Each structure stands twice: as C-alpha cells, then as structure tokens.
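I'd like to ask you about the structure that follows.
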Amino acid sequence: MMSKPMLVCVDDYENYAREHLDRQTLIYFTTGADEEITVKENRDAFKRLRLRPRILRDVSKRDLSTSILGHHVDFPICIAPSGAHCLAFHEGELATVKAAATMKTCMVLSTATTKSIEEVSQTASHCLRWFQLYVWGARKVSEDLVRRVEAAGFKALVLTVDVPYAGKRRQGSLGFQGFKFPPHLELKYMPREATNTQAEKLTDSKSTSSPFVQYFDASLTWECIEWLKSITSLPIILKGILTPEDALLAVQHKVAGIVVSNHGGRQLDYVPATIEALPKIVEAVKDQIEVYMDGGVRTGTDVFKALALGAKAVFVGRPIIYGLSYAGEEGARQVLQILRDELSLTMALSGCSKINDIKPQYVVHQSHFAKL
Amino acid sequence: MMSKPMLVCVDDYENYAREHLDRQTLIYFTTGADEEITVKENRDAFKRLRLRPRILRDVSKRDLSTSILGHHVDFPICIAPSGAHCLAFHEGELATVKAAATMKTCMVLSTATTKSIEEVSQTASHCLRWFQLYVWGARKVSEDLVRRVEAAGFKALVLTVDVPYAGKRRQGSLGFQGFKFPPHLELKYMPREATNTQAEKLTDSKSTSSPFVQYFDASLTWECIEWLKSITSLPIILKGILTPEDALLAVQHKVAGIVVSNHGGRQLDYVPATIEALPKIVEAVKDQIEVYMDGGVRTGTDVFKALALGAKAVFVGRPIIYGLSYAGEEGARQVLQILRDELSLTMALSGCSKINDIKPQYVVHQSHFAKL
Amino acid sequence: MMSKPMLVCVDDYENYAREHLDRQTLIYFTTGADEEITVKENRDAFKRLRLRPRILRDVSKRDLSTSILGHHVDFPICIAPSGAHCLAFHEGELATVKAAATMKTCMVLSTATTKSIEEVSQTASHCLRWFQLYVWGARKVSEDLVRRVEAAGFKALVLTVDVPYAGKRRQGSLGFQGFKFPPHLELKYMPREATNTQAEKLTDSKSTSSPFVQYFDASLTWECIEWLKSITSLPIILKGILTPEDALLAVQHKVAGIVVSNHGGRQLDYVPATIEALPKIVEAVKDQIEVYMDGGVRTGTDVFKALALGAKAVFVGRPIIYGLSYAGEEGARQVLQILRDELSLTMALSGCSKINDIKPQYVVHQSHFAKL
Amino acid sequence: MMSKPMLVCVDDYENYAREHLDRQTLIYFTTGADEEITVKENRDAFKRLRLRPRILRDVSKRDLSTSILGHHVDFPICIAPSGAHCLAFHEGELATVKAAATMKTCMVLSTATTKSIEEVSQTASHCLRWFQLYVWGARKVSEDLVRRVEAAGFKALVLTVDVPYAGKRRQGSLGFQGFKFPPHLELKYMPREATNTQAEKLTDSKSTSSPFVQYFDASLTWECIEWLKSITSLPIILKGILTPEDALLAVQHKVAGIVVSNHGGRQLDYVPATIEALPKIVEAVKDQIEVYMDGGVRTGTDVFKALALGAKAVFVGRPIIYGLSYAGEEGARQVLQILRDELSLTMALSGCSKINDIKPQYVVHQSHFAKL
C-alpha cells in the first residue's frame, strides 16, 4: 500500500476503482438502466440542495451515534446490499463485514453474496448484520434462506421490492453475453444453473441484463409480507419504495421500515433521485416506521441532507465497492471513516452536535434563493 | 449480418445509420427546421419527465395490446409516415410493411413512398395500414390517390396539416441543390417534374428545402375535411396539431383522431416538444376522439410517458429508418421489438400489467420534486 | 462572387464575417460589455420562447407590409443604427441604404456614419430614412446636425439614451489602444480630434472603450426632449429603454416611439435581453406610442416572437454588417431577404397571413409546458 | 512592469495569478471546500441577477463615497481579510495596506497575517484598518491580540464565526501534507508550533486541511460577544453569517455589523452564494446594524447588485491577492481602481449618481422575465 495514492474523498476511491478494476467488473458495479439518467440524478439532486448553517454553538463534541430498529450504530451511514464483493477484492463480503464491525455500523448482506451467510457471521459475529432478500418463484428456496439467516444472527430482512424483472442495463446487456463468473467464484444463493448461463439461453430478448432475475417471482404482491411474517420473527424492511402511496401501504402492512431506493438507478430509468423522493415519503409516513435511503451518497453533506429531510440512516453501496477495490477491508473502512468525518465536520460547521439536531430547516432547495 | 455489431437500443441503430448512410440521405432523414431546437426538444422534453413506479403488484403477465380506431395492434407503437424508404434500404416500404405485419402493428404509408400503394398492400395484405395524405393544389390528383388507397385496403387517412409550405432545413437547403434521387428511385405520388428539379427553378428564395411542397395547397382550410368526407368513407386523422384550440376544432369537424406532431421538428422550429404539447390537448379533447403523438420517441419509457399523458398510441419515424439501414425488414422489426420489450419492462417495473393501467399519476415533471 | 459559399441563414453570414473581417473590425462590431452576458442573453432569451402554430388556415398569400410612424415598409424588419459601415465594406452606408431602398424598409443612419447625411440621402432619396442622434455636450453641434438631417429628408430622430458614457468592452479596451481608423475613413459627425485619439489621452481609466463618448452629454435629462422639439418638427424616438417606468415617462414626454434596446449588449452588462424586457413595456405603454425592439434578432422566428409580444417592428444591426462584409449592398439585401422570407414562412406555418394576425397567444415561455 | 500584459478587469488579474503563482500557493488561495460548489455558486449567483437601468438622468457627476461604522471610505469596496499576503508578494500586507490607503478604503487585516500588526499600522497609519479575529482555545492569547490591535489604531474587530473547524479542502488536504511555509515567512499570530506541522501529527483524519485550526475554540458560543466587549471598546463585527436567524441573534447581542460570508466557499460546501443569502438577511435586520457581504465579487456590476440588495459595502479577498501577485501594492491598487471605475460606470449607466440612489428595484432575478 505504500505506493498507492493518498485518497481524501469518496470520489478519489471511485476514480481509483475505475482505473484498476477490469471492464466487465466495472460494468457490473457501476452501470445503470437505459440512459442512466437516474444514476446521474441521484448525484445531481443532492447538488441542488443548499445548507443553512448556524453559528456560535458549542460544537466541540459531536455525537454521531444513533439507532436503527433499536440497534446502536456509531454513525448513521450503513452498508447497502450489493452483489459479488469478491469481484472487487478477493476476500469479498468477509472484508466488508470486518470494516463494518470495526466502524460499528450495520452491513446488509446481499442475496448475491459470494461468501456464505455463515462465513460472514463467523467473521464478525458482533457486527450488526441485516440480510437482503429476493423472493424466488420457488418459495421454499427463500424460506430455507430466511431460516439460515435468522439462525446466523442477522437482525432484519431487507426485502427488495423493485426487481420483478431486471432493469435494462445497456452495457450490461452486452457485457453479460460473454461474461462468466471466474470459476472459483460463486453467487452462493443464486440458482446454480443461472450463474454461467449464456445469453442465448434466455427466453426474453436481449434487453435482459441478468440471467438470475428470471428466477425471481414477478407475481409478488403485498401478500408476501404476511407470508414472510409467518416464517420468521425478524423485522421486515422494504427496499425500493419511491412513492408516498407505497410508503403508506408499507405502514399498513406493518413492516418495520422502508428504504427509499431506486436500486442505484439500475432498475427503471427516469425514476426520481432518492433524495428528491424522500421528503414526500417522510411526510406521509409521519414517524410510524423508520425511513432510510440509499442512492448517490458520496459526501458528508449528502448524508447531512438526507438526515435533515427525514432519513433515519443512509446506505452506501458503490462507495464500499470502490473502497474494497483499493485496499479490501482497510479500503472499505477508509471510505466509511471519510464519510463519518465529513458528516461530523458538516454537523460542526452547521451548528449541530448530535444527530437529532439535524432538522429540516437546515436544508433548502436551491430555488429557495431565486425569489427576490 | 454475422459481423454486424450487436445493437441493444434505438440509439444504437441511430449511431449505426449515422455511420453507414451517405451524407445526403442522412440530411434528408435526420435534419430539422432552422436551428433544430425543436428536434432537440422532442428528446429533451422526455428527459424532464419522471416516473413514479408502484411496487408489489403481480406483473408476471403483461398485455400490451390495444386498439386504434377499433383495429387491434399488439402494442401501441406504430410506424409514422416518412418518405423514401428505398434510400435507407433497397426494398424500401416493402421491408417496412413486412416488419409491421410480423410485429402486428400499424404502418402509415407516406405519400412520399418509393413503392406503390398496391405493392405495399400486396406485400402484407393483413397488416393494418393507414395512408398519409397531402392535399395537392390540383384536388383531382388527391382524389384519385384517396380512391386507390381505399381500394387497396388502407383503413384510415392521415392528413398532414402542418405543411402549407416546406419548413426551412438549413442543411437540406444546401443539400437538395445538388441532390438528385438515384435514377432507379421514384417518389411515386409526387409530381414527376418535381423530383429532380434544380434549385434555380424554384420560385421562392433559397430557403425552400423541398421542391415538392410547391405543389401542396397552401390555401387549405377546415373545409377540406368536408371535401375529403365527400369522396371517401375512410376515417380521417389530422397529423400536426400542437394546440388545444386546433384539437377542439378537429373534434368539431368530426375527424376520427389527431396526431400531436411537429413533423419531427422539420417544419417550424421553436414549436414545443410533442410530449409537452400533449397533456393540454388531451385535457381539451376529453376522450371525444383518439389522440396519438409522434416525435422523439426512442425508448420504452418514452412510450410509457406518452401513454400516461393520454396518447392512445405513439408513432415512430426515424427509428424505423435506422432499423432499415441496419438490416432492412429485420432491422425495422428489431427496432419495434426493442421498443415493445422496453415498454413491457417499464410497465412491469412500474406495476402496470395492461395498457389501461398506465395512468397520469405515473408521470410527473421533474420540477415536481423541486419543492421542499 | 461565383466562388463564395452559398449562405442560407443569418448565422452563415456571421460566420463568413468572422472568417473574413480583420480582428480589430470584428472587435469593434461584435463585442459587448464586460462578460458579454447580455450579448448572449439577447440570443438565448429568444430560444426560451415557444411558438403555438395554428393549422388549416389559408396562408397562400401573406402580406408582411406594415407602417412605422405612418410610413409604409414592406416588412417589419428595419436597419438599426450602427457605426462605420465602411469598415465592413468600402461603400459603407451607401451600400446599406441601397439595400434598404431595394427591400423597401427603413434604415436608421448612425451619427457614427462614415458617409455624409447628404450622400446617403442622394443615394436613395426615396428610401425611408431615420437618423440616430447623440446629444453632445456642445448642443449647437447637435442642433446643426438635426437641421441637416431634417433638410436631407430624414423622417425621424432616434435619440440614443443609454450612452451617457461608453460601456466597458474588455476586448474593445485593448483593441482601441492601438486602433486607428484607416486614414481614408472618417466618422463624419464625431469630433474630429477624437477619431484617432490614443488611449493615453483619455482622462478616464483604461475601462473606456471609445474615445468619442467623452464628448457626449452625461448630464442629459428628460428636458432634452423639450429642447429637441424646439429645434425640429421631426418625430422623436427614444432608443435604449428597458423598464416600464421609463417607457411611461417617454409617453408622458410625448415622444413618437421607443426602441426597447440594450445597445446590442454593448453598454451595461447584465441588463435583460430585449425580448424579455419587451412584454412588460408593451403592457405599460398600452398602444399610446409605437414600441420597437432590437437585439439578438437573427431568424424569422425571432421577428415573429417580437411582433407577437407587441413590437411594431424590429431593427437589426450586426446582421447588416455581416451582409455588407459578404457582398456589400447585395449582401445586406440578402440578409434582409432571408429574414423576410423566414418571417413569411413562420407566418405561414403559424397560420398568420398578415402582420396584425400575429397576436400574443402565438408565443409562450418554455416554462408554460413545465406544468403537468 | 513594461513587458507585463495590459489587464482590464479582475478576471485578467486572476488569469495572471494562475499563470504565475506556484501551485501550492494557488491551492492555498483559490481552492474551496469539498466539491467547490459554493465557490462556483458565489460567481454564478451574481450572473443570475439582472439590472434594470434608468435613463435620462444627470449622471455626469457620481459620488461613490460612503461610510462604514461612521468612517468615511471613498467607495464601498473594501479589502477582506485573507492570510499570508507574503506568499503572493514579498512585501505582503504592507503592500496591501498601502493600496488601501491610496484608494481611501478600509483594509481588514487577517489574524493569519505575515506582517505584524504594528508594521501594518506604521506603514499606513491614516488608513482605515479593521482586524479579523479568531478566538483561540487559550483566550488569553486572543485577549493580548485584541489589546495590541486596539493600541495600534485599528477601528473594529471582525470576528470570524464560521471556523469552529477548518473546512475540508480536497486539494488543500493533499497540498498541505508536503507544504511548508518558506522559512523566512511566518504567520505572525498563529501558534508557532503549528506553522510547519506535518500532516501525520494531526489528530483528526486526513480531511483536515489546515494545521492551525485545531487551536481555535470550537466551543465558542454567543457568550464570546460579551467577553469580547469586556476586554475592548472596539466595535465588533461578525463575519460568516448566512441565515436571517443568526443575523437577528447578532442584532440581539448588539454587535455593530455582520458580514454575510461563506468564507469564499472554503468552509462548508453547498451553503448558498452570499449574494443569494443577502436579501433575506437584510430584510430581517431592518437597518438595525450594518450588513456587509463578501464572496464572488469580481466586477462593478457585482458590487452594484450587492448594494442594491442592501449591503452597506462589499469586501474582496482573492482579487487583492491576484493584484498583489501582478504588481504588489500597485497591482492591488489597480484592482481596487478597476472595481471602483466599474461601479462608477454601472451607476452612470443605471441612472444613479450616489450610493444611496442604488435601490432594490434596480436588481431582479432572471426568473423575473420568465413570465409572459
């Protein structure tokens, strides 16, 4: 690591990853649906928000700790589920969970993990872990998975609800045609026969960017919440909600929380940036359940804005991948440390000493200043 | 076709066409009026609209079929009239109509066709065909054409109402001066003497980009609807309406439908994008007649937005040309298939299973999220 | 002229001029004040307006003629005053006035003319001519000029009111330091001693871009209108008004008309584009006097927009210079012909047959379509 | 100086500095926090404001003089505090104060000065001088400094309130790691041991861009105003206020004035441009105390806009550095002269003869013209 460049912000880690990961891996991790408008919007929408800092408050000590579903985290920046960490660093999700453990935050393990549930748990048994779940057409497969997850000490299920089918990633479509997972890697809980499926085997047209998604249950409805509750006592979080209408349905179906998410812009292009969708959802939910967000978080000011607009915590996905690509566990830890430090500094420079101090009045849309 | 690149979206076909068609043909098909602001707006306006997807609905089966003027189409994406398909592919409109037939959608044949009405009909007699009409100064010419069209089994007349004169296409102006149709090609229903007219023969200034338009009737008024009805029993659709005022006049004159169109930005620059003009027109028309649109449609999300804002179907012009240039009938078919697949996927990811599920609340302007 | 490129729009003439005029001349004619934001806005503001065309009206005959102060012009596009036409073409203002005469429009001769009032009048005695006036510190000089102008058959005085001092043109500042008028040229009515003044002679700082303006009367007030009326019976037009407040003062002081103008962005940077300033001024004036505009007009759609928003006519300055640089009188005539043809075509494609048909409802701001 | 380029505007001086200062010095003076959005906004926000000039007023004599806290200045453009002028020119703050004295304006000396308080005072004892103050953790250090400042004839204390911690300047973070002050230079009132601290000595993460700020008192509250008043009779000005709420608190704590400032975009990124934050603050303060602004002022139109929106005076920082880098005292003087001349010209072209004539109605947001 001696000769590696000194990196000071998440953008630096992204630039590093873009220079060092192979093209197929980059396409897998970084691309979005269609024209990638939503990928871009996830960042740009943050840039349209302005901070209103307050001065002359004692900010010499800041407490960034908070809780999610009653569990302590040292700071409200958690690790979003993303697949195949072994593509970014050979230790894969084991490096990631060690970084989460060291930083005392929560990691959400993806169903598309390249390390097993038990390996991850044993590597960092004290780390707060949640599990991201897809519901398969064959529900028994999902049921078995849920039981293993619960047994392994995971504390919540994060049900992804925005993937009845895979989004169309243009580069991904091409990329996957010749793309095979390295022979030593395995998506642990994806149907074995799908892993190296050639494009020509797919029944759908060439717009399908992932061979796995055909096994998902596209007929899933709100009924699945009842079914999940019948097989597990773990709290259920819905990830992929973008409208107040669905947020209210989530409340009615008594889930524990929701993640305002557009799947990093990878599913349906032209959906709003999550930081833009967040306020109306928070307003509708009225504190009845916890609301989180992911998508486009790259700086401490981003985190601060999300918290001010009502998120209980934010999740970062790609930044962790970029950290892994730089230096495995240590790189992932550095990324979390940078975001934490930047949030701490943003709080100090805004006059906030603890997370609960971060209120809506600290953030306004840029158009707020267009009136004279 | 083995060595051709794999194309996954309409933009890919456009890029292919721009690399493979000769310059004169590209100018003929792609340019727009004056500064081409409206050409650009037709695309950009779609990009300013956001989708509001709903989750946890059974979308495992989607039905994209609909009807236009009572005729079934497998999906609401039809082929707009555009001229001289033989310039893009040697089989010209015959390739196009075969693609439409295979895909079970509607083709609108242009008066500027390079294949005869009867050839097109005999090539795909079961395909739903409409005919695009200009009214000539010599009405007898138009009348004869209408009777041939009706006899050939076309199901509607699409009267173009935005070309009393040809728009000024700057590149076209220059291009046409030296431009001659290849000797083996012919615009079947354009006055013969006009086809290879030199620029110096034109009575108007050098701003005229087409030698044919001088033969159109610039004195045409709403009276022509009555006249058309007197010579044909075919339903009449007006193409080129951009204001609610004219849409209401169309309703009063009892046409069967209207196409919100700006002629692909080729007639009057600075008119609004069609997707922006559409909502107020739909609101005015109140379901009394069918409203279609064309202009700038390049993805399934575009189609979804147009349907959500009230279009009964959309028409695509240049994308078909791009498909033809890639692989004739097969290329045109691929373009339609891609748009169909993308619409299907957009519906699935938005929680819609059939065309009628696509309602206005699924689409908002980006400024919807600017208020905090 | 055989080998010259074929030019089809005013932008082509500008490009030609930028390639063929020497650098000092280009700086003199094209630059604007400070950061040239207003120069750019004069164009960009037109681009933010949309047209709302009407269809199926008999537009086979268009009458573009109108009157300004009771004098007939064949079309409402007149020649704005600009200095030193001899720098663009050796015949200077004589070429310009011949173009105006041929096209049957009005030319406003600048005080900074390089041809004499009498030469211009004798060259085209039947051409409608107005004279642009500065008021000098020494009023007797202005008075003599007014009497010569009146004797020479000019029909109105256009008093420039936005130059108490010269605007700061950054390139102009540098340019003028070494810039000398060619020895055979002369600004006929500028103080002789100023014409070739070196920069170091100027009393003000290096921000002064013109040596002539020091002779203008910076103490001028509305009183000067009464004085002008006392020495001439010519109607007085004020050029350089940008606010409804000053427009109303102009009405109160009984001038015959006003030109909404920002001096082509050459005086005060960051003033609004004229097409944006126009509507509120028209609304305030309520038809009590004629309102014209200049600034940024480059296409027929621009003219149409200005007329729709209430201008009685528009004036073009730099386009005439570009035409002169291309082919003298013939080039200036071509520019006017192009603008006239484009206006005619815009009217036809909008459903307007005469100038009075062009109403406010034909134009909306682009934000009109942002509401869903 | 003979061979130096002729510079006509502040941008020219910036370009000169960017070409001639070494990279470390440029990073020190020009960079901003995080993504430098606020640095850019400070300029861009000015560009979104339009002027509404009035005509035909006697502007032959302009009086730009005004007062700040009762002290005469020849024009309302003062020198903002910025550190280490010796990095830009060997005479450092002595050159700056001589320029201020010649131009009869106010200089605010920074605590990060490279020349002593007494040297600066003796160099230009008649020049109006204010002193910018940080409050150190060790208050006795600050107290001693205040007494020296008062004894040296400074007329006000400008307490910087937006630096409980240093902002994160990405380039600065890297730059400072190897950056050592030239051995012959010294930040006079920064803790000696900090001046050449290596990055690894810092307790905080690598996000800290300045080694000095760790000595500041991050626990500072409004109580410090009372303490300052107890040790000095100098009027107190708070610099770094961005909200009406804090402006009102400043009024309640009876300070003499406030500077609407975002520290040149160097502290917290994504705070509003100062020219955008200004109007609401002026509205809240209601003339109870003087309101100044800094940030992004580069032209006379910028100054005019700030005054129109209620600033009593503006302060310029980086422009002075650029002037110093060009020609020391003479360069700083030229920059002030240019801004003064440009303000004078803007007043003349707007119809204003004295500072008090510059009212809010002279400035509108560009969106003012978007309504038709």
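Per-chain numbering from 1; labels A, B, C and D assigned in written order.
Quick note on the criterion: a residue touches a chain if its C-beta (ideal position, glycine included) is under 8 Å from a C-beta of that chain, and two chains touch if they have at least 3 such contacts.
Just so we're clear, the structure is a prediction, and the values are computed from it rather than from any experiment.
> Which neighbours does subunit A have in common with subunit B?
Looking at subunit B and subunit A together, no chain touches each of them.
> At the subunit A/subunit D interface, shared numbers over all numbers used: above half (same) or below half (different)?
different
> So how far apart, in whole Å, are subunit B and subunit D when each is placed at the average of its C-alpha atoms?
59
> Measuring from the mean C-alpha position of subunit B to the mean C-alpha position of subunit C, what distance in angstrom results?
So the centroids are 42 Å from each other.
> What are the residues of subunit A that contact at least two other chains?
Touching at least two other chains: 49.
> Considering the complex alone, what residue numbers of subunit A touch subunit B?
34-35, 37, 45, 48-49, 161-162, 164-165, 167-168, 170, 173-174, 177, 204-207, 217-222, 224, 238, 240-243, 245-246, 249, 267-273, 276-277, 279, 309, 360, 363-365, 367-368
> So in the complex, which bits of subunit A are touching subunit D?
6, 8-9, 47, 49-60, 299, 301, 305, 337-338, 341-342, 345-346, 348-350, 366, 369-372
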